[in-house]
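Look for chain A in each of the two complexes below; its partner is chain B in the first and chain C in the second.
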Partner chain A sequence: MSWRAHGMRAWLLQRLSALYMLLFAISFLLYIAPNLPITYEYWSDLFTRPSIAVATLVFFAALLYHAWIGIRDIIVDYIHDTTLRFTLWVLVTLFLIGLGIWVALIVLSVVAV
Partner chain B sequence: MRFQVQRYNPETDKLPYLKEYELNTIPTGMMLRDALLQIKAQDESFTFRHSCGEGVCGSDAMNINGSNALACLTPLSTLSQPIVVRSVPGMPIIRDLVVDMSQFYHHYRAIKPYLIVHDPMPEVELLQSPEDRDKLDGLYECILCGCCTTACPSFWWNPDKFRGPAALLQAYRFLADSRDQATNQRLQELDGPYRMFRCHTIMNCTSVCPKGLNPSAAIHKIKELMLKEMI
Partner chain C sequence: MLQHPHRPKFLNLLKIHLPVTGIVSILHRVAGALLFLAVPGLIYLFNVSLDSAASFHAIGAWLSTPGTKIIVTLFAWALLHHLLGGIRFLLTDIGIGMELRPARASAWLVNILSGLGFVVLVVELWL
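Let's turn to the complex of A and B:
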């Protein structure tokens, strides 16, 4: 069985990433629920904790990977011209990597080490 | 009763078009296939595939009021007028309602629709317990009419690479067979981005199958087998 990110592997990782996002979203909401309404101080303090920062970074990694597979599925379905397909895929990949770096910079800028 | 039937003659028409027909006497319980035969009697230049007339041969799959079905199993009383009859979508039209099914059969052949046994063949038949035989129910009944595959958007976009629900249902029919010994080979052939994984569980296949089969569920079972194989 191939271990490149297509076919079974992509399908499985897309579902695992969805599962992580779901669990993260639910537990994050439950975690902050007792402190509603949220103040700026609480919110900024939350992201100085390394555990929250790591969980958030993993969440965004899962989100971007999930989106990457999903958009690639759409491209493979509808775009059949090889040049256009390759160009779009490279642009989407660069865009998502860019978002990932941006998110990482924001999260790492507030975390207390 | 009013009909709009797709007509196409490759020698004179650039594109298929709908032609109006009217039938006056409709006996109760009449099926669409019988109506099409009456239309053919009116206008003998019209043609469509049909044979057994009772949902066994799978010849008369067509798009009826926008949904794929067998004409011989579709009572006229269930259809709103005008009854629009087209060829199944996504297939090259040869003439009127007759389509070129080569691509469909190519995918069927590609999944190796026969038992593969590596052990030496036994002196007697390859035996199977009644429980193992039960696992083939809902799979072996497929008549290869093509309603499901030609209703599948994934097949419309990638007809040359995506196997389509009919072929995948048959792939699972042999994966589920206790006598087959080519599980790994079959699973490997279906991995990759196209052959099975163009399926996005749209489930048009399951909703149109005239035999009430469930290709979506079969595809899901193949994915389960692949997952087990991987772990």
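Let's turn to the complex of A and C:
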């Protein structure tokens, strides 16, 4: 029984990524809540902090991975033509990788190292 | 070989009676697909919000136009339903709410709460 071949890893990471996003969202909202309403000065300073930047990058990584598995489930369930299924899967994968690079560049451009 | 050659195949959506747990499940998928479409917009807004003070403030004005309000309301419902339904699925994974009655009750709760959230948001944004 291969951990990978049986989809157990994807199943587990799907849930772990969901859990991380949930905990990140709650902590993030609690963290910024005392500073409402949020000003541009506060907001732009926030992501210069390395801890926030890293947590944000992990959030987007979790989001993109979560979306990747979710879309894979949808494609596998409804697209039965192997060529179309594979093509869509490759396009979605490239799309999500592109989004990942984009958001990583945004965060890296503001974080103070 | 076939024991029931005339067994019914309810592929007619009007004849299928989907239980409430099934409705949560399919809405979780629909909402998830919508959220997938929202990701580029989210990253774009994140980028714009950090760009400059002017672009940060422009987001507020942009969000209050009628066209974006519809989209924001729709995505907010998707997020709320996907979040609540997701928490329900995570609890089910660790064995909470597995029995039929609590499973049906929590499914109703997810649909009703996300529906209420949607109504509150519509009222807040439009009235």
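Just so we're on the same page, the second predicted complex is superposed on the first by the 109 of 113 C-alpha atoms of A that agree within 3 Å, B and C clash if a C-alpha of one lies under 4 Å from a C-alpha of the other, contacts with A are read in each partner's own complex, and residues count from 1 in each chain.
The rule is simple: a residue touches a chain if its C-beta (ideal position, glycine included) is under 8 Å from a C-beta of that chain, and two chains touch if they have at least 3 such contacts.
Keep in mind that this is a model prediction, so the values were computed, not measured.
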First (chain B), second (chain C), both or neither touched by A:Y78: first
Touched partner set for A:I52, first chain B, second chain C, both or neither: neither
Touching partner for A:V103 - first (chain B), second (chain C), both, neither: second
First, second, both or neither for A:I32, with chain B first and chain C second: neither
Contacts of A:A61 with chain B and chain C, given as first, second, both or neither: neither
Contacts of A:Y40 with chain B and chain C, given as first, second, both or neither: second
First, second, both or neither for A:V111, with chain B first and chain C second: neither
When both partners are placed on the shared chain, which of chain B and chain C touches more of chain A: C
Intersection of chain A interface sets (partners chain B, chain C): 73
Residues of chain B touching chain A in the complex: 154, 157-158, 187-188, 191-194, 196-198, 200, 223, 226-227, 229-230
Chain A residues within the chain B interface of the complex: 1-2, 6-12, 73, 76-78
Complex interface listing, chain C residues touching chain A: 29, 32-33, 35-36, 39-40, 43, 46-47, 49-50, 52-53, 56-57, 83, 86-87, 90, 93
Contacting residues of chain A [partner chain C, same complex]: 15, 18-19, 22, 40-41, 43-44, 47, 60, 63-64, 67, 70-71, 73-74, 99, 102-103, 106, 110
